[in-house]
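As written, the chains take the letters A, B, C and D, and residue 1 is the first residue of each chain.
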Amino acid sequence: MRYLAYILAQTGRNLKQTWSTQCMTLLTVSLSVLIFAFFFLIYTNMLAAGEKLGDELRLIVYLEDEIVPQMQDQLERKIRGFSDVEKVVYVSRKKAFDRLSKQLDKDKDVLDDLGPDFLPPSIEVYPAKNLHTLTQIKHFADFLATLPQATKVQYGHSWVERFAYFTKLLQIIMFLSGGLLILTTTFMVSYTIRLTIFARREELQILRMLGATDAYIKVPLLLEGVMQGFLGTGFGLLSLYFLFTWIRERFTGPGFLNLFEFSFFPLQILVLITGVSIIFCAGGSLTSMRKLLRL
Amino acid sequence: MRYLAYILAQTGRNLKQTWSTQCMTLLTVSLSVLIFAFFFLIYTNMLAAGEKLGDELRLIVYLEDEIVPQMQDQLERKIRGFSDVEKVVYVSRKKAFDRLSKQLDKDKDVLDDLGPDFLPPSIEVYPAKNLHTLTQIKHFADFLATLPQATKVQYGHSWVERFAYFTKLLQIIMFLSGGLLILTTTFMVSYTIRLTIFARREELQILRMLGATDAYIKVPLLLEGVMQGFLGTGFGLLSLYFLFTWIRERFTGPGFLNLFEFSFFPLQILVLITGVSIIFCAGGSLTSMRKLLRL
Amino acid sequence: MKKTTENTPPGEIPVDKPFVDLVKVSKIFKPSITALQDISISIARGELVFLTGMSGAGKTTLLKLICCLDRPTKGVIEVEGKDLSRLKPKQLQLLRQNIGVAYQNFRILPDLTVFQNISMAMEVAYRSPTVIRRRIDDLLNMLLLTDKRDTETGKLSRGEQQRVAIARAAANSPSLLLADEPTGNLDTETTWQVMNLFKQLNDAGTTIIIASHDETIYKNAPFRTLKLVQGKLV
Amino acid sequence: MKKTTENTPPGEIPVDKPFVDLVKVSKIFKPSITALQDISISIARGELVFLTGMSGAGKTTLLKLICCLDRPTKGVIEVEGKDLSRLKPKQLQLLRQNIGVAYQNFRILPDLTVFQNISMAMEVAYRSPTVIRRRIDDLLNMLLLTDKRDTETGKLSRGEQQRVAIARAAANSPSLLLADEPTGNLDTETTWQVMNLFKQLNDAGTTIIIASHDETIYKNAPFRTLKLVQGKLV
C-alpha cells in the first residue's frame, strides 16, 4: 500500500517538477501524432476517392452482329473470368440508336433516314473500381479485343491511362510520405525523450545511489511515458478531428460530399494509434533510462 | 588574427566535444528538411500534374448556324474577355462531319446518306489550365450559353466537376499538410536546439564567469548553427534528390513521364530552403543561448 | 523486504566477524592509475574509523568500493558478511538503503528543498510520512538547518549543502555510515555539531567511516585512524 | 582591448585609493534572507585579506558581489576605481578577465582535461598558445598536479579538482584574486603548497581575498582578517 502511494507520489512530484519539459515533450508527441495521423487519414480517404473517380470508366466492345442472350451470358462469363468486373451491359443496335437520337436531341430527325440498324451492337464493360484493375486497363482492353465477334474495343484511352498513372503516383507519394513521416516522428519522439531523460540523469543516479529499487525508479518513468503517450496522442487526434470537421464544413459542397465520403478513422484505428504511441513513449523512456543507470 | 584563430579553435573543439548531440541535431534538421521539402516538391509537382490532367477539358458550344470568320473573331474576343482561355476553335459542319466519320472508321459509310450538313457547327473552348478556372467551369459554361447563336453548351459535366473537386481537395490537403509540417518541423528543430544548448549551459556560464566577450561565446554558436543548418539542409535535400531520382526511375513509364514532368526544385528554391534553414538554426541557437546567459 | 532496512539483529552474524572486511583490495583506473593497492581492513560492528591521507591518496575510491558504487579490480569486499561482488541487483539495492553515504561532492539535487532531498532517501526505503517528518526535523535541528528546511538546496551556502548531505546519509539510521570529508566546508563550531551527530549515531550502534584531512577532528579522538599514502595503507 | 587584460600600471589610480571598496553593501535574498548587511570594506592594492565566519555567514555572497556575479541590494562596490553597477557589458567582461575567482563549488567542466579547463580562462583573454602552455605547466607543477595534466577533471579526486579551480583563478595573473574556501578539501601539505602560490602572487602585486574557515592558515599569518557574523562585519 505504502509502496504504491510512494510511487504515485513520486510520479506526481516528477510531473510537477519537470512540467515545462513534460509539456514540450507532450507537444512533440502531439504534433508527431497529428501529422502522422493527418497523413494516414488523407491516405485512406484518397484511396477511396480514387476509386470513386474511376466510376465513369467503361470499355465498349463493338460486335460484328447482334448476339443471342445465351451468347451474351457466355461472353459475360468469359469477361468476368479474366478480371474483376462490376457490370457488363449488352447494347443492341436498337439501344445504341435510341441513345444517339437522345444525344442529338433536337437534331434527331437527321437519323430518321438511317433506320435503327446503322449503329453496331456493343458490350459495355464497367471494370471494378479499384486502382489495381485500373492500371491494367490496357491489358484488359487487349483481352476484350480477342473475344469472338468483337470488332473493336473503345475506351477513354488517354484519359484512363492518365488517371491510372495519377492514382498510382498518388499511392506512391502517400506511401513514401507515410514511411518518411513514421521514420521522422519516431526519431523525433525518441530523441526528445532521450534528451529529457538525460536532463534528469542526476536525479536518477542519486535515486540509484540511495538504494531505490528498480520498481521505484522505473514505475514512475513508465507511468510518465504512458501518460505522455496517451495525452500526446489524445491531443494530436483531437486536433486532427477538429481540423477534419473544419475541412469538411468549410470545403465541401453537395457535389463534394457526394464524391468523397471524407470519413474519420474508425475507433479501432484510433485505439491502435494510441496504443502504439503509448508503447513507444513508455518503451522509449525505459530504454533511455537503462543506458543512464549502469550502476 | 589570434582572435579569429581562437574562435575557430573554440568552434572546432565544441563540435568535437559534442559531436554525438551535434549528429543527432543534424539528423533532426535533415529529417525535418527532408519531409518538408518532400512535401513541397510533391505539392509543386501535383499542381503541375493537375494542370496536365485538365488538358482534355473543352467546352463545346453548339451554334444555330454557320458563322462568318468575322463573327468568329467577335465571339472569340467575347469569350476571352470573360475568362482566361487557352484556345478557341471553330468547328464547321463539314469539320464536325469529317471527325465523326473518322471516329466511325469502318462504319463511316453509314454517314454517306446524311450528307455533310447533318451535324451542327460548334465552337470548342479550351479553358486555361489552372485549377482556379477549373472550379469555375460551370459558371463559365453558363456564360457561354448566353452567346448569340449558341444553342447548347456541352462538356464532360460530371467528370469536370469531380476533377475540379478532386484537385481542389488536393490543394487544400497539400496546403494544410504543408502548414502543419512547417509548424512541426520548426517546433522540433527549435526544441532540439534549445535542449542541446541547455545541455551546455554549464560551459556557457563558466565562459561568462571567466569574462569571455560576447563575440567569443556567440560566434562559435553562430557558426555551429550555420553549419547545422547548412549540412542538415544539404543532407535533407540530397536524400530528397536521391529519393526523387529513385521514384522517377522506378515508377515512371513512358506515358507517365509524358503526363507529369516530375521535376526537382530549381536552384533558387534550393538556395531559399537552405537559407531559411540556416537562419533558423543560427537564430535558434542564439535566442536559446540568450535565455541562459543572463549574467 | 522490510527486514534489511532495519538494523540486522546482532545475532545474525557472529559478533567477532568484522562488519566491513576488505581483503587485498586493489583498484586500478584505466589506463594505469593505481588508486588503491592491496588494502586489507577489518572494521568491527559499531566501530568509528577515521580514514586520512593526502589529496589523491585514494580515500574516496575506498569508500566508493565499500558502498558498491564501483567494483575493485582485485580483492574481496564483504559488508555485513556478504561478498559485494556476489550480490544480486535486488540485494544490492536493499544493502544500499542500509548504508548512508555523505558524498564529498554532496550529490544533492539543487532544485529540491532541503526537506525533499533528505526525505528522498527515506522514501526509497518506504518509511512512513510521519517518521520521515519527525526524523528530518530532528536532524535539521542538530545540524543548525531548521530555518532552511524549505529552501532549495541550490540556494544554500556550501557548508549548508554539506550538512544536508550528511543529514541525508544519517536519515535512515543506517547500520553503516560513510562520510567523505564531511567538514571540508564547515567552521569549527559547525564541525563539532556534525561530530556530535556522528558520535550519537555511533553510540546507537552505527558503524562509521569518516574520510577526512582535518586533523583537529581526529587528533585527540579515541578512535582508530587509518592512513592512506598513494593508495597503500600505512 | 589588450590593455586591461594585463595588470593596470600602478600610476593609473592614486595609490592611496582602495583597490576594492565596498560602501554600506547589503544583500537580501528573496523573500527575506539578509545575507549581508551594511558591509563597508576597503582593500588596498596588493593586500592579502582573509574573510572568515561561520557556515552561512555570507562569505561567498560577498565574493560574488565583488566579482560581479550578483548585484547588491543596496550600497556601492568599486573595483579598480570603477563602480560595478555602472559598467557596460563589454567593460564588465574585460574586468572579469582581470579577476581570478576560485569558486567554492569549483565550476570546472568535468569533461575537459585539467589543461583544457585552465587554458579556457587564458584563451578567453586571447593569450598566445605558448604563454598558455608555459603558464599552465608552471601552475600544475606548483600545485602537484603535473601528472594529471591531461586527465579529465571529472576523474580527479575532489582535492585535485579544487587545485584545478585555484590554478584557473591564478592563470591570467589577475590583479585581483578571490579564493573561496580554497583548502576545504586539501590536507595540510597541499594546503601549504596552495598558500605558497597565493603568497607568491601577492608578492608580485596581486590583491587577494581568501574566504576560509581553516584557522590554521590564517591564525599566525601577518594578514588582515575580516570576520563575518550573520552577514555583519565584526
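Brief remarks follow.
Convention: a residue touches a chain if its C-beta (ideal position, glycine included) is under 8 Å from a C-beta of that chain, and two chains touch if they have at least 3 such contacts.
Because the structure is predicted, anything quoted here is derived from the model rather than measured.
Minimum number of contact steps separating chain C from chain D: 1. Touching chain A and chain B at once is no chain at all.
Each chain gets a centre from the mean of its Cα atoms; for chain A and chain C, those two points are 62 Å apart.
Rounded to whole angstrom units, the spacing between the C-alpha centres of chain B and chain C is 67. Residue positions of chain D with contacts to 2 or more other chains are absent. Not a single residue in chain B touches at least two other chains.
Interchain contacts close the chains into one ring where each touches exactly two others, per the touch definition above. Counting only pairs that meet the touch rule, the chains in contact are A-B, A-C, B-D, C-D. Chain contact summary for the complex, chain B toward chain A: residues 24, 27-28, 31-32, 34-35, 38-39, 42, 49, 52-53, 56, 105-107, 110, 113-114, 118-120, 151-152, 158-159, 161-163, 165-166, 168-169, 172-173, 176-177, 180-181, 183-184, 187-188, 191-192, 195-196, 198-199, 243, 247, 251, 253, 255-256, 259-260.
Contact residues on chain C toward chain A in their complex (touch as defined above): 67, 69, 89-90, 92-99, 101, 103, 107-109, 111-112, 120-121, 123-126, 128, 168. By the touch criterion stated above, chain A contacts chain C in their complex at residues 2-3, 6, 9-10, 17, 202-203, 205-207, 209-214, 216, 295. By the touch criterion stated above, chain C contacts chain D in their complex at residues 29, 52-56, 59-61, 104-105, 155-160, 162-163, 180-181, 184-190, 213, 215.
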